[in-house]
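Both of the next two complexes hold chain A, though its partner changes from chain B to chain C.
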Partner chain A sequence: MAQAAIDVRAGELRQLVNRKYRFIDRKWDFMFWFTAAFVVAAAADITRLLFAGDWDFWTDWKDRQWWMTITPFATIIIPSALQYIQWRAWRMPTGATYTATCLFVAAWIGRTFQWHFFVNYPMNFIWPATWIPAGILIDFLLLETRSFIITSVIGAGIWTIAFWASNYIMLAPFLQPTTFIGHTLTVADVQGITYIRAQTPEYLRVIERGSLRTFLQEPQYVALAFGTTVAVGGYWIGQFIGRYLSVWPIGRFLKQI
Partner chain B sequence: MQEQVRPRVEERPARAPTGEAPEIPGRGPTDWWGGWRWGFVSLLIIAGVAVAIRIYQGIFTFPWGLDSSTWQFFWLWRMLVVVELAAVGVFTVLWWGWLLRSGRDLPERISHREEVRRIAVFWSLVGAVSLNIYFEASFFPNQDGAFHQTLVRDTAFTVSHIPMFYLFFPLGITLAVGTYLYGRTRLPAVYGAWKGFPWSFFLLIAATVTEMMQVAMNEWGHSINFANAGAEEFFSVWFHWPFVLYGWLAGGIFALWGETILRLTQIEDDIVKEEAEVPSPEAAPV
Partner chain C sequence: MKMKRRFALSLLGSAMALAGIAFGSTTASAHGERAQESFIRMETVGFWDTQFSKTTVQQGEDITLTGTIKILETWPNNLSNGNPSVCYFTVVEPGAQFVLKDRVINGLQAPQSVFCHKGGTYQYSMTLAGRAAGSWHVHPAVAVEQSGTIIGPGTWITVNQAASGFSYPITLLNGQKIDLESYGTPLVVGFSLLTFVLGMWWMIHWTWSRPTITRLAVTNQLPLNQDGGDAVGLVTRRDHRISATIAGVTVVLVGAGFLWQAFAFPGKIPQQSDWVTPPALAQPASTATATLTNAIWDPAKQIMTLTAEVKNTGTTPVTLTAFRTAYLTFVSPTARQPESGEYQMTVSPAGTVDAGQTSTFTIQLPGSVLQQEELVSVGKAQMAVAGIIELNDAAGTRNMATVQSSLNPTAT
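For the complex of A and B:
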């Protein structure tokens, strides 16, 4: 009996999947994913730019204290919202990857046409960080756990560490030591001195402050741990956006304004 | 002198109904050059305007965009603000006016085919809103950060602010409200006046309006030097954060897609029901 009920239900679902529509075709899918990419990229980019932009603009600001604490918080918000929307609507574990990809394209267009062609900073100084590997991993986590709570707690840690690890590969060449006017600096520091940011004076350079050096090489791990905890908060901000600003309004009306 | 009196609404001669899209091959409700035509045309127009402005900036920023006291700055940049606001204003009045006036004369009952075509046009308009949000929240903000961290500003009307705050921000309001007017007049089953005001549009329009209002707080913040922020350029400064918070309200755009997808599936179900009811060999009219 139970098997018969299962077979009936499977038949109904199969009919639904194979249903032929008069007007609904793949063009609707294409137009949705293509036009949604603009607003998703915009939302992710503006959140990153205005919450954590300074640390992402320059190689010398990609430090071990602030970059890996603030940036994961700022950049997990919109992927979390898209995870909710795509999982709720289609059970698709692609929200974070889709957002990270859209953000990647928007960031590179912005850096190339504005930061490089407009004000002539070299691309190896202003390259944007990527979140695609981190996005793939937390989407996989959602697929496996089917739980937003577990994805928020463990996923925030994966997001932060994967973000740092995947971008460290590109950052490492610029952390090599060099001497400049008698001082030992990193290559990134020399870039920061050479390519003047006239309206961002030195006292606004919020990188590696405090008694960092006494912690030897530990600050980055402390920053990663703190970045993880802050990213959990960012994940739930994104869940609020997905649940109450994007999905809840469907079919709901104000009776008067 | 003979007095001209405008006839009351019920006395005016009935206009011919606007009718439905003619059945031309390749111009059907879901054909690329049929119902989806505005999807490409509107995106190309908005992208074209953005590219044109970016080229204009590339030519005239250095040297005439740096010193706001020069007459060249006045004619090349301050006048551009006037041109942008006037252009958006004229477009708004013409487009909204056309939507409202022509919306009154549309037939009350439309075929499924026509309704699907209108939903495709609606999605095209939502796509235009989406692309506009990209230019106002990603493309030109990147330029804003690049320009202002590089150079000293001496006016609120800087080269990067002019297209961002005084073209794409107000255009966002125009497009969002215009898309609502299209939905209200052309898709009564989804956004008819009798249903009330949709929360989806409330959030999307609120995003565009509050973003415009936030420009004032932004300029106030940049004019002061409080807690090492303001006159110096730190992009993550606190008075930039409301731009992000208001921008999140644009998440309501997903509800627009959701509501119209649900209506599309309802139309498909109605077609199946009508075809089941019609006994004749011909398919039920769509």
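For the complex of A and C:
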């Protein structure tokens, strides 16, 4: 008897899902996703630039200690907020991938026009990192677990590792050694010296300069662990934005009208 | 129809506005040096003997910038805690119109930052090559940690288009020759695009033909950690299958790519931190010293008057030949005529200081130049004049005396 009631209820909801729009066109859905892309890309880009600007900008800043510690934290905030909003509203596990994809397009347009065409830096020096693989994987995790707590704890680790692994593939050729001005440097270092950044002197780079805080003399393991930990914090900052700065005020407003 | 026309018009307007911004803008040639407070430019670093080996080059052709800088003893306490210790010798130019190929500081090759100190004198040589065709304003500069970039005297350099364009070949330690201009670009663009395709696959699967409004009406009736499964149809078994496929392809792509790079690029090293300490520059024994005892700014006559006391500690007469401040050089007419980019000052009484003697000179600097360069600090928090007085003796010894005085206006 109880099962029958549940089935009826599910059937009603199913009908509601597929009900045709009455007052607006279905193009609304496309327009929504399209116009929101600008806002999401801007929010993600601002957050990234605010916390991890130069690390994600130049190859000679993309190091194995600070880049992978700071950037996952900075870049998980908006995906997390969008994950909550889109899951809460539509049960779509798309927040992280949507943010990463919007940011991808915005970042490539920005780098190409502002930095390559206008001030002439080569693209192989200023390419933006990609978060799309990391976004897909944590969206998939949310889909399968339907839990923001599990997604925050395990997903932050996946986000950090996937970010590092996917971008390291592109960074690898720039970490090959060469001799330049009488010193052994990486290709990335050479780019940083060769392509003059008048207001970004080399000493400003916050990169690995040797530390006691290593594991088996390799700082990236410590950085991965720490990056994951701070990314959990970043995830919950995003959840706060999604829950209390977006969904809750909108809900309150709708109740008032 | 009206809507379509409005949409087309707004699209056209946006495109025209973007085109206006893109093609109507001109390249900035100044570098904001006048925006720096005068005390920063006068009291921090002195530049002299700045030379550009050429002012017209082809793309790829070398130019050498040489000169000397001194981190002045008058370095202010509110910059780098009064103790500059890390410097980066560079050039200031608009964007990456040149490439820097070599940098030597006091005879030592210095690819990155160098350790420096107050009172230190550094002879630099920087080799550039023209990269982008055009006429570009170029300055030598020294950036100091916790202070900023201090700009030296600049000049215009014209880079002419070369038939073969510009390339920048370097050789890796494994012997592979690469062009730095394009190396790695296909990998970066190609891999990024692959991830974009995956992202779009995910997004299209999850958003195509899925209503946002009616789904919201349903999700409002479900707990946050439930999706209703196949029965409700928000998330179906097919969705799980396709999502798992995309996630699987993502893992395979990243995993395979990671393995591939390990084999394709063996012997990688992390970015290098390679700071060096340049050796001290051999200096001739000082044969004269100078101090400023007063500096007066007369706004009515537009003249800066300095009173300098010069003491000859050597064995031959010395002559006051020049005063340098910020990126400006003022030359005494009794010493030589100003060269391009230099200005004339008056020194009275004209003449020399005999061995063992001390003389007081009145130096008058043209106020128009100082005002144009925003170097008259009247009305600022630090009203001062500082720079380097050059004193030459008969044997050719150049004494570079750092001087400083408070600035006293005749009126405010």
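Rule of thumb we're sticking to: the second predicted complex is superposed on the first by the 238 of 257 C-alpha atoms of A that agree within 3 Å, B and C clash if a C-alpha of one lies under 4 Å from a C-alpha of the other, contacts with A are read in each partner's own complex, and residues count from 1 in each chain.
Going forward, a residue touches a chain if its C-beta (ideal position, glycine included) is under 8 Å from a C-beta of that chain, and two chains touch if they have at least 3 such contacts.
As the structure is a computational prediction, the values presented were derived from the model and not from experiment.
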| item | value |
| --- | --- |
| First, second, both or neither for A:V247, with chain B first and chain C second | first |
| Which superposed partner A:D25 touches (first chain B, second chain C, both, neither) | first |
| A:W33 touches, of chain B and chain C: first, second, both or neither? | second |
| Chain touching more of chain A, residue-wise (chain B, chain C) | C |
| Chain B versus chain C as contact partner of A:W90, first or second or both or neither | second |
| Contacts of A:L143 with chain B and chain C, given as first, second, both or neither | second |
| Overlap of chain C and chain B interfaces on chain A (superposed complexes) | 21, 24, 28, 32, 89, 113, 118-119, 121, 196-199, 201, 203 |
| Contact set on chain A toward chain B in their complex | 21-25, 27-28, 31-32, 34-36, 38-39, 41-43, 45-47, 49-55, 57, 70, 81, 85, 89, 106, 109-111, 113-115, 117-119, 121, 196-201, 203-204, 206, 241-242, 245-257 |
| Residues on chain C engaged by chain A in the complex (per definition of touch) | 22, 31, 86, 88, 90-103, 109-113, 131-132, 141, 143, 145, 149, 168, 170-174, 176, 178, 180-185, 187-189, 191-192, 195-196, 198-200, 202-203, 206-207, 210-219, 221-222, 224-228, 231-235, 239-240, 243-244, 246-247, 250-251, 253-255, 257-258, 260-262, 264-265, 267-275 |
| Contact set on chain A toward chain C in their complex | 7, 10-11, 13-14, 16-19, 21, 24, 26, 28-29, 32-33, 60-64, 87-94, 97-98, 100-101, 104-105, 108, 113, 118-124, 127-128, 130, 132-133, 135-137, 139-140, 143-144, 146-148, 162, 165-166, 168-170, 172-191, 193-199, 201-203, 205, 207-210 |
| Residues of chain B that touch chain A when the two form their complex | 29-30, 32, 36, 39, 43, 54, 57-58, 61, 112-113, 116, 123-124, 126-127, 129-131, 133-134, 136-139, 141-143, 145-153, 195-200, 202-203, 228, 232-236, 240-241, 243-244, 247-255, 257-259, 261-262, 264-265, 267-268, 271, 286 |
